[in-house]
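Below are the structure tokens for one structure; questions will follow.
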Amino acid sequence: MANWVGYLHLVVVPQAIDGLIIGLALALVALGLTMIFGLLGVINLAHGELYMLGAYAAFSLTAVGIGFWGALFVAPLIVGAVGGALERFGLRRLGARHDYAILSILLTFGASLILRDLVQFAWGPETHQVEAPIAGIVRAAGMILPAYRMLILGIAALLIVGTWLLLYRSPLGAVLRAAAYDRQMVASLGIPVSAVLTGTFVFGSLLAGTSGVLLSPIYAVFPTMGHDFMLLAFAAVIVGGMGSVSGAVLASILLAEVQSIASLWISPVWAESMVFVVMFLVLVFRPQGLYGRLGAA
Amino acid sequence: MTKLAQNVVVKGVIRAGGLLPSALCRARKMLSMPRGGLQAASLTRIMGLIAVAAAVVLPLLVGQFYIRLGIEALLLGGLALSTGILLGFVGLLSLGQVAYFGVGAYISALLFLQATGSFWLVLAAVVICVSALAAVIGAIVIRTRGVYFALISLAFSEVLHKIAFNTVALGGSDGILGIPAPRIGFAGIGQIDLRDDGQFYYFALGVIVVIYFAIRRILATPFGSVLSAIRDNPERVPYLGYNPFWFRLLAYVAAAQVAAVSGMVFPLLRGYVSPDLLSFETTTRSLAMALVGGLSSVLGPLVGGGVITFMDSLVSSLTERHLLVLGLIFVIFVMTCPDGLIGIAARRLTRRERK
Amino acid sequence: MFRVVALSKSFGALQAVQDLYLDVPANSVTSIIGPNGAGKSTVFNLISGALTPDSGAIMFQDLDITGYPPYVINRLGVARSFQITNIFFGLTVLENLRLATQSSEPRRQFLRPLRRFRRPQQRASQLVAEFGLADRAEEIAGNLSHGDQRRLEIAICMASAPILLLLDEPTQGMSPTETMETDELIKSLKRQVAILLIEHDIDLVMGVSDNVIVMHQGRKLAEGPPDEIRRNATVQDAYLGRADADT
């Protein structure tokens, strides 16, 4: 009996906390994705590469001596700029066509290929390392938890709460939510919708880049990191419901927990596949996701 | 050319030439595609004939390397076709048709290696298995539609990729090697020996041509017309008395078959199958083929198959950055000519006809 | 022939339809009028299967069709037109109609070549002529004038040989001439089907209806023959009075 409780206490709970941490970092990516979809109607297949770009930027910035905290500030801005460029010079140029949905997917798909190969060209195909800014452990409730990961927990949580406040408690957020609901209406109120759209894309990219920086000491930096993470993020957005902010966050945590706990008992490779099984199951019983409305898709 | 090669070529040309008159006949009898009426139909026929003629003539002009590349182009073109018809005619963007391509390939590999040398048995096995799989998966994912569908199909293919990569029984990351190329018997007419590149090429061409006409035929039915209605205005369709689910599902299963049959032949070319076949890179190439060739036509993805395969080969010999080139092509085509090469050709030909 | 009993539907706090009773006899025109937001379109959505009611029943020829999906309801004999033109804009007029007539053919025939499907094709050609679209039969529907598109919208409905026809603001955006033509069309259709009509054009409604139902805020405010409704003080206050002021 004691063993069982001890196991729970010292193995499962820390793993669950780890899952929460990854889940929050994943939520940053999923949040950006779902906001971009909600406002622009675009599935950004390059989102994973934006996450990757954040990690690479962190690597280079720390390599030239700027330090992790500086990188945490600057890298997302760089990624945000790249995202903004993609929207402004790519998606916007597509114009309003009846097959915009398909073409935008294909365009971001092409962008992801370009980004991935450029990164590989510039930094080489090998894996790079980023040093965590703090080392050591934190003791809490008899558990041993890596200090840096707790830091990620704090920063990610802060950003998520901040985004929520922005969306639901600020005038800008009201504009964003209104534009997601009815773009024409917002435009007729004299608000520059194109700026709003670009801004949303930039913001989403920023979040993804931040996540890339935060996770780089844990997952290391390599060209296909974006692709793997993107699938998880998309799974989270689907399970949560496309366009739903709370859905994206909750689903991210849920799926990360599934993967984390499952990897206690099955190999990590299959734990990843478990996530997709969960996604499939959710789709069977609730095709619109936890919070979504099917019509929105 | 060696005597054997000459023999093959002559036989191949006769066989291919034999295909042509009946193809012409069938083409003439077929109804036009819904877009644009008769003009578009004759245009498609012309372009189709040009494409077939080019494909038939190719092996006579080039060496073994390019013949093999041509086979690859044809079969990957089949995969691209699978994606293209789902998108162009049902309105579903699937980023994971490679899953069925891979399933067909692995079933084929395992059966040819361990069970039988009969092509027809393996074909039957592939069709049955993939029908069942696609029906089940399709029933789940079709209800989601649009955006979700694209991502789920991608996730599905990635899961299969992982399974293939990590399962020892399937050869793991190395895949399955040493698959014997079978001889295919056509009762009464003769045999095709797939160990011979020339015969393989014309066989692959035959398979693709059959698939092509099968699709054209299916689209020219009431079923096909409902599909085009679903693509045009999915909201209205139920109010005409049609349950879109079954139509989409049937189209989904058919598209899966196209991918699976193409995939089934693929491992026989080089005698091995590896998880790479299920990789994201394959998806990328097939998507590029469909896009470049033309998403709204049956011929487009096949033409795109040829273009991308040969271009990729060329680029790879010049630089390592072939993914970048592919990405650039993607972006350029999406932004300038999303109708693909077939779309451009159609417009040029229409303009000329008006003059 | 067609009855709606105690039909209710709410969206969260909004009670869109409350306790509605309807009775539509064969070969008649029943019109539903009322200000915007009265719940008229919701009623159509409930009847045609787009929405499921919270409570109540929809009876079509003594068959309870409550909660049936749209494609079943259509095949049972209820056809619905849309307020915002919802035809197949990329297909020709003839194809639009053929799709509708084809629907009554057995599904197992659906993989036979199109050219063997003569009956739906002939019926479609018939309808094209009946609805005065013969000279535009091969035209892409998206290129038609608004009035022609509205007419095609109704033609598609009639193509499935319905017993009950739901017309959702058929004269939306039409010129006075086109409205008059629609008036005559409805009168001629009355001989074949029962019609449930939502309209804002009061003159049309009064001229064509056998029975008028006035809705207000999800409830039935009044019901009766056109003259009675015209004279009804409550209705005038709620709706007609304002409409008169506009005209």
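Per-chain numbering from 1; labels A, B and C assigned in written order.
Here is the rule we go by: a contact is a pair of C-beta atoms (placed from the backbone, for glycine too) under 8 Å apart; a residue touches a chain by one contact, two chains touch by 3 or more.
These numbers were taken from a predicted model, which means no experiment stands behind them.
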For chain B and chain C, chains touching each: none
Chain whose Cα centroid lies nearest the overall Cα centroid: B
Two chains joined by the most C-beta pairs in contact, as defined above: A-B
Mean-CA-position distance for chain C and chain B (Å): 44
Distance from chain C to chain A - Cα centre to Cα centre, in angstrom: 47
Distance from chain B to chain A - Cα centre to Cα centre, in angstrom: 34
Of chain B, residues touching chain C in the complex: 31, 34-35, 37, 217-218, 220-226, 228-229, 232-233, 235-244
Chain B - residues contacting chain A, complex: 87, 93, 140-141, 143-148, 150-152, 154-156, 158-159, 162-163, 166, 280, 284, 287, 291, 295, 321, 323-324, 326-331, 334-335, 338
Chain C to chain B touching residues, read off their complex: 48-49, 69-71, 74-75, 79-80, 82, 86-92, 95, 98-100, 102-105, 109-115, 117, 120, 138, 156, 160
Complex interface listing, chain A residues touching chain B: 37, 43, 90, 93-94, 99, 101-103, 105-107, 109-118, 120-121, 227, 231, 234-235, 237-238, 242, 269-270, 272-273, 276, 279-280, 283-284, 287, 294, 297
